[in-house]
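Structure in structure tokens, see below.
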Amino acid sequence: MRITSVLKAAATAGALSLLMASTALGVTLNTMNGSEPGTLDPHKASGDWQNRIIGDYIEGLMAEDAKAAPIPGQAESYTLSEDGLVYTFKLRDGIQWSDGTPVTAADFEFAFRRLFNPATASEYAYLQYPIKGGSEIAEGTMTPDSADFGVKAIDDKTLEITLEAPTPYFLDALTHYTAYPVPKHVIEAKGDAWTNVENIVGNGPFKVTEWVPGNYVKSVKSDTYYDKDNVKIDEVLYYVQDDLAAAFNRYRAGEYDILTDLPADQQKIVTDTMPGEGRFAPFQGIHYYVINQEKAPFDNVNVRKALSISINREIIGPDIWGSGEPAAYAWVPPGTGNYEGVTPYTPEYIELTYEERVAEAKKLMAEAGYTPENPLKLQLRYNTNDNHQNLAIAISAMWQEIGVQAELFNAETPVHYDALRAGDFDVGRAGWLNDYSDPSNTLELLKSGTKQADGTINWGNNYGRYSNETVDKLVTDAASEQDLAVRAKLLGDAEKLAMDEFAAIPLVWYLASNVVKPSVQGFEDNAKDTHRTRWLSKTE
Amino acid sequence: MAGITGKDATLTAYAEALAKAPKGRSLTQDAFRRLSRNKAAVVSIFVVVAIVLFAFVGPYFAPWAYDKVDWSSIRKPPNFDKGHYLGTDANGRDMLARVMQGTQMSLIVAFVATMVSVVIGITYGAIAGYFGGKVDAVMMRFVDIMYALPYILFVIILVVIFGRSPVLLFVGIGCLEWLTMARIVRGQTLSLKQREFIEAAKAGGAGPFTIIFRHIVPNLTGPVVIYATLTIPEIIITESFLSYLGLGVQEPQTSLGTLISAGAPVIETLPWMLLVPAAVLITMLLCLTYLGDGLRDALDPKDR
Amino acid sequence: MLGYALRRVLSALPIALIAITVCFFILRLAPGGPFDTGRQLPPDTLANLRAHYNLDQPLFMQYLIYLGRLFQGDLGPSMVFDDFSVAEMLAIGLPFTMMLGFSAFTVATLVGLVAGAVAAMNQNHWPDYVLVALVMVGLVIPNFLMGSLLQLVFGVYLDWFPAGGYVPGSIPHLILPITVLALPHAGRIARLTRGSMIEVLGTNYVRTARSKGLGARLILVRHAIKPALIPVVSYLGPGLSYLLTGSLVVEQIFALPGIGKYFITGALNRDYGLVLGTTILYLFIILVLNLIVDVIYAWLDPKVRFR
């Protein structure tokens, strides 16, 4: 008894001192942010846990609104040339870095040159390859300071960006952190150390003031931001938290206001005991299986068809994951932009009941020479994760019915993707989240590989090595098509063609899971799962 | 993970006692009599045997196979009508069958790893002890330093690199667990090789390896038995730790550690996924530890 | 004694070098690399990244570069945490891990010694049974399970302590992690203490002391403690390394800013520099701690001489 009360007193004292420390600054938002960010340099980042912090402290030409749609950010307006190739951005008046230096068009030009510079070794630079000269600089065929580069600061307030080809999603791509400006004056003085807390400056609604690796990053409201009067959060903490089950416990203990991911099997607790706090919204992305089409019998379209139609997608979300991901029968995620006028793809087999599909699949497998007595043996690879594992178990059980014996093989992410890239698999799990809201982003995954200088073929993200010249041509033609309706039609045809040939096995659409305390307002569900702190507010 | 059961100290004490003990008497009869008087140890033996039977014979009587998916009961609590006596997991697989398979896997991993470490430890220790001198000094120095290595880190690296086949788990863990065994065996060998029967064998022209394996090794039963009983729980714990890190065995196979690390986060919603595997693991570890203690006392040469 | 310590350190160096070499090569030979993620990078980007981290050099060259840097005290860059060098990451995390480890170690040793001694003095009476049972439970529950249970019960349901995280200087944040870390350790020390204490209490000289009419406490203090500590101390060396590895789990569950979890994430992400750096650091710490333990052991046990 006595020990208990002493401990309790100690705990209260600690909590009090904590409270005192945090109330000094007004409204504090505590966000569970996943892994240690490791870098706050927008050119070196590669994950959403970095994006949450970086997007709060730097703002690009375009920013995201509460629903993550592109709105003018540092640029107040832009014009686009007739041929769709030249954007001219007019920067806002009075925009500043957090040290008081004005943000100029030169900072943007500097940033884009730095992004593509091979010495920067930026992982995601390719997202800005629509910019003229971008890929050439990254490949080393153009110098980083070349005058032919597509980004030019005309004067302090005017920035001109020339594209390789008309790109309807370019404004959306500009909201990505790879397109953010970086403070030229600081980088020139400090080099790579510019992101150290004592050097770091940004131009966004918040500024980074503290960074304890493995623990948290703290940002406070910036007083140099142009829209600072509408920013309602004074201080935001992004906590490092790798263990999801523990993260959920901490949310329930009141230590987080926002939980940005949820462990498998906990959705029920959320919906039952925290009504309204669970935010499950479609997320533009697809979970799918790739089939290695360089190997027999997977080059046989009927075998691929049997594998695909025998999967009962309707039970994956509700039953296997217990989280409600919608079944995916098509390739381009619903809600993807620049896809108006295209009837969403539905496969022919959708007319059949599940039993009929299984019967059909059995027949197809039998035709290919496989029966439950003489099963097709294949290896199903997935990267270690509870959901991936449960899905693989379920699907291998479904396949057992049609004469397929799947051996499960899980590995950590690097090993898994290394094997997929090397073509060392039969069936493998993959997932894709759209970088920008455009059908070409997902359809590129099914384009044939490109031949490299050394004679090898680089298949990129097309792990299954699906190859169809017509699909390639449709996607390539779409890339240079200016008429959005025609472009959408070309891409729609490509999707239909590839899906009719079972180029890959779509499974379910991604669902973004967030759990948000009722005290937090302004958290709008959206298909990019991007929620900038500037739109949020919190009542105590 | 060194020393879950504190076996280093236990064995060192035992070996010292052995060295001081009166020579030339059979261990076994005395030991059995004394062990049977130790109630905790006897109960432990029965429980361990029961668990082994449960794991290896049980699956033949269980209504479901461990990898069979029952689509109609996903994440369901125990249901006697359907034969899911312990409920089902997130994939609709029967927990009873999975616990049996998991126990089996954990036992096999632990047993094989222990055997690997015993074999390496005996060979290494006997060679060092028998040849003595410089060989001994160098070999034991190596052991001393190996002791200092962060061994779990090497296990993690091994598993990460070579994938996660149970065989590698056995061998990997076993390869890193032999140090204590080597120390004990060396000590024993040092004292044994002074004895008359070794001298006799030498005089009869036997080579060093014949002497080691024919005459010295068979005399090491006591320490080996204690060592094995205490190493098995350690390895089971190590295996569960690896499972927590996501480095456990491949599905659909499972192990107690895998089951527990899957059950721990869902203790509130699906408690049956955690409770039974945890109970089996805890019971097994408790019994093995008591048994190890009992064996140590029973084989203690000082009391004879 | 100084010479003894020095000789031990020197003889450990070649083994440390071998360990580093083995680690280096098996890590590199492992499938998958630090840039194999869910998205394939264009070949030019990949080439830039590989050049940035010297991964385009022949493996043996990379090894020499690494060793060369190591001798200058540079552990190289982290491939995942771009803004930090490995040495920086470790320097930030190490004090916390050490603090956590030593706190747990101290708590565990004290609790273990007292529990073991009490159990031994009351052998086969109820305090003995209760303590032994408690100790065994602490011993056999895997630490990740214990961690999540304590977090749920004391952090969420009872809300006595923070469920995770760390605020510098805050003791409540450390109570659950230290408990999880210390429990099995305390259990082992208690078992060892109980065992050796019973043995010592049964020896002739203690019996003699008792027959002379000395009080129980005096016997304990004057005669029983020191010899009973010998097996305990010999366990502390391996025990310390166990604590370090135990912190891998505890740091992960309670989201603590130590180095333990870097090892795991580093190994899983193929952050070669970080894994090697952490391994080398652990190696170093454990070597030093073992040395200290050996010295204490020799002081306690007159039979052991500094060889």
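Just so it is clear, A, B and C label the chains in written order, and each chain counts residues from 1 on its own.
To be clear about the criterion, a contact is a pair of C-beta atoms (placed from the backbone, for glycine too) under 8 Å apart; a residue touches a chain by one contact, two chains touch by 3 or more.
Nothing here was measured: the structure is a model prediction, and the numbers come from that model.
Asks: Does A-C or A-B have more contacting C-beta pairs?
Replies: Spelling it out, more C-beta pairs touch across A-C than across the other pair.
Asks: Using C-alpha centres only, name the chain that sits farthest from subunit C.
Replies: The chain lying farthest from subunit C is A.
Asks: Report the inter-chain centroid distance for subunit B and subunit C in whole angstrom, where each centroid is the mean of the CA atoms.
Replies: Taking the mean C-alpha position of each chain, the two centres sit 22 Å apart.
Asks: Distance-wise, how many Å sit between the C-alpha centres of subunit A and subunit C, to the nearest whole number?
Replies: Between these chains, centre-to-centre, one finds 38 Å.
Asks: Take the average of all CA coordinates in subunit A, do the same for subunit B, and state the distance between these two points in whole angstrom.
Replies: Centre separation, subunit A to subunit B: 45 Å.
Asks: Could you check subunit B for residues that touch two or more other chains and list them?
Replies: Answer for subunit B, listing residues that touch two or more other chains: 160, 246, 264-265, 268.
Asks: Hunt down the residues of subunit A that sit against at least two other chains at once, touch-wise.
Replies: Residues 245, 411-412, 415 of subunit A each touch two or more of the other chains.
Asks: Would you give the residues of subunit C that are in contact with at least 2 other chains, written as numbers and ranges?
Replies: Answer for subunit C, listing residues that touch two or more other chains: 30-31, 148, 152, 268.
Asks: Would you tell me which residues of subunit A are touching subunit B in their complex?
Replies: 244-245, 248, 263-266, 268-269, 315, 319-320, 322, 384, 386, 389-390, 392-394, 396-397, 408-412, 415
Asks: Provide the residue numbers of subunit C that touch subunit A in the complex, in ascending order.
Replies: That would be residues 30-45, 47-49, 51-52, 78, 80-84, 89, 92-93, 96, 147-148, 151-152, 155-156, 159-167, 170-173, 175, 251-258, 261-262, 265, 268-270 of subunit C.
Asks: Which residues of subunit C touch subunit B in the complex?
Replies: Per the touch definition, subunit C meets subunit B at residues 11-12, 15, 19, 23, 26-27, 29-31, 136-137, 139-145, 148-149, 152, 184, 188, 191-192, 195-196, 231-232, 234-235, 237-239, 241-242, 244-246, 248-249, 263-264, 267-268, 275, 278-279, 282-283, 286-287, 290.
Asks: Quick one: which bits of subunit B touch subunit C in the complex? Just the residue numbers, please.
Replies: Contacts found on subunit B: 1-6, 8-10, 12-13, 141-142, 145-154, 156-158, 160-161, 233, 237, 240-241, 244-246, 257, 260-261, 264-265, 267-268, 274, 278, 281-282, 285-286, 289.
Asks: Mind listing the subunit A positions that touch subunit C in their complex?
Replies: 7-8, 10-11, 13-15, 17-18, 21, 35-36, 38-41, 44, 46, 118-123, 125-126, 135, 138-140, 192, 195-196, 212-216, 239-243, 245-247, 249-250, 252-255, 411-419, 421, 430-432, 452, 458-461
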